[in-house]
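Shown below is the structure under consideration.
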Amino acid sequence: MKEKTKAGTLLVLFAFLFVAVLSLHPFGRPTDTRMDDYLIQNGQLETGCNNIVTSVLFDYRALDTLGETTVLFAATCGIFAAFLGRKR
Amino acid sequence: MILLEHAPALAIAVPLLAALATPLVSKAGKRIRNLWVILSLAFAEFVVIMLGRDVLAGNVHVYSVGASVPSLTSTGGFPIRIILVADAMSALVSLAAMSIALLAAIYSWRFMEEHHSLGLDKFYTLLLLLAAGMMGLSLTGDFFTLFVFIEVVSISSAGLIAFFSSGESFEAAFKYMVISATGSLLLLFGIGLLYGKYGMLNMAAIANEVSMQHSFLDIAALSLMVSALLLKSGSVPVHMWKPDAYQEAPAQVVIMMLTITLLSLYVMFRICFSVFSLVLPVTMGWLIVILGAMSVFVGVTMAMPQRNLKRLIGYAAVAEIGYVMLGAGTGLIAMPNVSGFAMQALSGGIFHMINDVLDLSLMLLAAGTVFYITRQQDINEVGGLAHKSGYLAVLFMISMLAIAGMPPMGGFASKLMIYESVYYFNPLLSIIGILGSIMLLAIFVKIFASVFLGVPYKGSVRQVPKSMMFAMCVLAFFILFFGIFPNLALDLLITPAAEALINPQAYIGGVV
Amino acid sequence: MKRKIHDTGLSPIVKMAVCILAVPVATFGFYVALHGHLTPGGGFAGGAVIATITAMFLVAFGRDVIKSQHSKSFSSLRTIKSIGITTFGILIFISLSATFLHQYLTSSGWFFRVTVPFGPNPGYLGTGGIIPLMNLAVGLEVVVGLSLAVILLLVSSKEGHTEAPVEKMGRREE
Amino acid sequence: MTGFVLTTAAGHWDPLLWLAAFIIILAIVYIIRSRGYKKYKRGTEQTLPFFSGNLPPVANIRSSNMYWGFFEAMGRYYKWLRRAHTGVVNDYVYSFVMLLVVILAAMTLGGLL
Amino acid sequence: MISTPFMAVVVLVLFGLSAMVFKRNLIKIVMAVHVMGSGVNLFLISLGYRAGSTAPIFTNAPKLEMALPVPQALTLTSIVINIAVVALMLTFAALIYEHYGTLDARKRRLLE
């Protein structure tokens, strides 16, 4: 009975997310692309690299990339500390 | 002046850079490493104080990361780059967070000394990363950066929970990791929904667009984000990770995790008040108020039978989060025009946020000190510690009175504001709050009686080191200060912050 | 020592193949990282490619190879770790210079700066300002980070539990 | 100085007044204490507490034993509460799913109204 | 037009969530987190697709309409974060196994 309740809750969540996703723009036709169009038009000139994704990663959203490498670094540190502490 | 101009970026960059250099610095020796950590955090604190002085006067400090001119935010009429926004509210929380981080670093000088020295540089690295992540959380004005910093914070705190390397600590860290990964992935899902609709990631820009057109998509994204942030803050139906993590982590890490829960509440308020203020359904405020009341009740009643001191404080922290949600949720119900009682509830909630950090931090540090001097966490085992270290008993008593909301501690003023104004909206909620306070006092009287009074503890009791005492004394001073001069704190810190929250146009206009 | 290495792990054919494969894999990873501003890929992808070499070696030679050194001291792992951190620090400084000084290298025009015409072009390596350097630094960080994670997860687990009965885990009790 | 009085929407709270009252009560307590019997000898049985003629047992009251009546009275509530706090990761995630569904439902209803 | 990738995203996220609710093996829970993360990554990347477009890279190829660059950058970031999370969780799972000798989520627990 409990399992069924859980499954029911998950199904309700499924329905909600489904409706939310269906009310997005249809796949392949994004509606509001001002920011991305600006980047495609000006990214090459402003950063000097052909790959717009790279220019977004390392210039326009460099703080995110910094945070992401920090996450990797923190994870390595955490793994290291956990294993070292256990060794003692 | 150049320091002030770059202050939002520096507040993130200084702890981050210090964290990355810590493993190299620690090759030079323990003392140098500890000094390095404390000095870098002190510098970051200085930067944050400067930023706060600038911002609490009422203006919004905007910093566009990587732009040729930092104040140049929107090139083509909308923001392209990541934008850091510091208004009075975010300056307030970043000030609190950085102070707590500094105190945690000072406290851990002696506390961590004997815990496996091999990995201690990792400990300090993760501590500094936690501080950097907290700064990022409180200062960011961009949804995706918010997600990234939440991940930074949760991964480094998971690493720190597991730091004592017992089986239980791994278990607690695993649970925390599962929960927080789920939460932040659903947060990212909500951010994706917003991006799909508006094509932007900046909070202020989205707020500008939201007011014109909204649909089920906004509601779904808002609910996903709010529930993920409630998970991070440990409100009631999803509070179970909190006592587990609090029990196992070192005390000074726990006070930073406590600050993180309040920061995620802050982010939730930011999203509700500043971004979705105009389209927010009325149910949102009621939901938060009801969850807050439930948090108070469940947290308090679960704290009652606990035996482990830090686990008990974890449940008490759930209850304290509930008070903040009660106050701020009442402000949220009256959102379009907040004044009178609603304004008082909101500022009471924000004031209680700060008091909550101070009170519970002092309590946790005292609990950590009890653990340090006796090596016991079970409150059944220890007793009569007041004979050995009276100052510790006094500090514990201050924190206990403050948590229970007794005058003249800081907790009283904020709780008074919350009770009064919530009573105006719904007396039942206020009664639950007062009942919670009474039971909190009962719980802590019990703990005080069994830990500090009675027959002296048989085992060996060590001296309390000076650095740990210093950190606790600073917290106690601020608790008493906010209790005796509540109006000073309100005028200087809280009211500007509350006004920054209820006035989304200033926030949006500062960026776009 | 040499004899011991050949005793453990998979067959000599696999070991030889891994040794031979390591060179093109490393080259490819380096290429992907270096050309991040021109082609799909970048530091993360290139770093992940190179980090597979570690996994390949661990699979082929068995974990005892690293373990024999591991038991002696942590020095090798520590060295890798400090290298990773140093590069990471360098990366941070570089990216911060981008933050504060707005692509200092790009606008100064004396390094890695060939003006790119807008629109389709064949792609020149010497463009992109500071971005290729950042790509390489991120690549190095990712290599070290992922390799360390793999090594620690594989090597540091204790002996006794590795051959524990698997089928008992997570079975339902009811 | 106006910094002392906290004016709330329905009244005000003056910490100074409270402090003054506290000090006065402290003074009264001290006066009462100073009027007590001073000629007892320290270190003898005169200073020992007695419990119906006997010395009380020397033991700490363990904190789990405190508030026994409260737990007895709230027994059913605590039974329910402990059943909810299983400590299993799956239940943690399930509670999050429940919160998600509740919030989504409430917000959808509120958005429609 | 029915947006199939978006539906796949919801299905993936729900797979992950339901595995987290029902599965008791810790390794399976980690896998569930990864599946969920992949679902969210798929969502991000499919937000940026434009019908009939090329990758947002300037090459010698004739310039067509380009896909949106920002979601691709976000996906890259989110993938690496997901890897870090999963690595840390696997470590914890391995260490829990080492301490308790079981991977069952219900066997050892911090109670009350």
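A, B, C, D and E label the chains in the order they appear, each numbered from 1.
Keep this in mind: a contact is a pair of C-beta atoms (placed from the backbone, for glycine too) under 8 Å apart; a residue touches a chain by one contact, two chains touch by 3 or more.
Computed from a predicted structure; not experimentally measured.
Undergrad: Under the document's definition of touching, what chains do subunit D and subunit E have as common neighbours?
TA: Both-contact set = A, B.
Undergrad: Over the chains that touch one another, what is the least number of steps taking subunit B to subunit D?
TA: 1
Undergrad: Name the chain whose C-alpha centroid is farthest from the C-alpha centroid of subunit E.
TA: Result for the farthest chain: D.
Undergrad: By C-alpha centroid distance to the whole-protein centroid, which chain wins?
TA: B
Undergrad: A-E versus C-E: which has more C-beta pairs touching?
TA: It is A-E, judged by the count of C-beta pairs in contact.
Undergrad: Measuring centre to centre with C-alpha atoms, which chain is farthest from subunit C?
TA: It is D.
Undergrad: If you average the Cα atoms of subunit A and of subunit D to get two centres, how far apart are those centres in Å?
TA: 44
Undergrad: On a C-alpha centroid basis, what's the spacing between subunit B and subunit E, in Å?
TA: 28
Undergrad: What is the distance in Å between the mean C-alpha positions of subunit A and subunit C?
TA: Once rounded, the distance between the two centres reads 22 Å.
Undergrad: So how far apart, in whole Å, are subunit C and subunit D when each is placed at the average of its C-alpha atoms?
TA: Centres of subunit C and subunit D (C-alpha means) sit 54 Å apart.
Undergrad: Any chance you could list the residues of subunit E touching two or more other chains?
TA: Subunit E, residues with two or more chain partners: 13, 17, 20-24, 26, 29, 47, 55, 57-59, 70, 74, 76-77, 80-81, 83-85, 87-88, 91-92, 95, 98, 105, 109-110, 112.
Undergrad: What positions in subunit A touch 2 or more of the other chains?
TA: 6, 10, 13, 16-17, 21, 24, 30, 33, 35-36, 39, 44, 50-51, 53, 55, 57, 59, 61-69, 71-75, 78-80, 82-83, 86-87 - these are the residues of subunit A that touch more than one other chain.
Undergrad: Two-or-more-chain contact residues of subunit B, please, as numbers and ranges.
TA: In subunit B, 16, 20, 65-66, 144, 148, 151, 155, 158-159, 162, 165, 170, 173-175, 178, 182, 186, 189, 196, 201, 216, 220, 244, 302, 305 touch at least two other chains.
Undergrad: Going by the contact rule at the top, pick out the subunit E residues touching subunit A in the complex.
TA: 1, 3-7, 9-10, 13-14, 17-18, 21-22, 46-51, 55-59, 66, 68-70, 72-74, 76-77, 80-81, 83-85, 87-88, 91-92, 95, 98
Undergrad: Would you tell me which residues of subunit E are touching subunit B in their complex?
TA: Contacts found on subunit E: 13, 16-17, 20, 26, 29, 33, 36-37, 40, 43-44, 47, 70-71, 74, 77-78, 81, 84-85, 88-89, 92-93, 95-96, 99-100, 108-110, 112.
Undergrad: Inside the complex, what are the residues of subunit A that reach subunit E?
TA: Against subunit E, the touching part of subunit A is residues 3, 6-7, 10, 13-14, 17-18, 21-22, 24, 26-30, 33, 35-36, 39-40, 43-44, 50-53, 55-57, 61, 64-65, 67-69, 71-72, 74-75, 78-79, 82-83, 86.
Undergrad: Using the touch definition from the top, list the residues of subunit A that touch subunit B in their complex.
TA: That would be residues 16-17, 19-21, 23-25, 30-36, 38-39, 59-64, 66-68, 70-71, 73-75, 77-82, 84-88 of subunit A.
Undergrad: Spell out the part of subunit A that touches subunit C in their complex, as residue ranges.
TA: It is residues 44-45, 47-51, 53-55, 57-59, 62-63, 65-66, 69, 72-73, 75-76, 79-80, 83, 87 of subunit A that touch subunit C.
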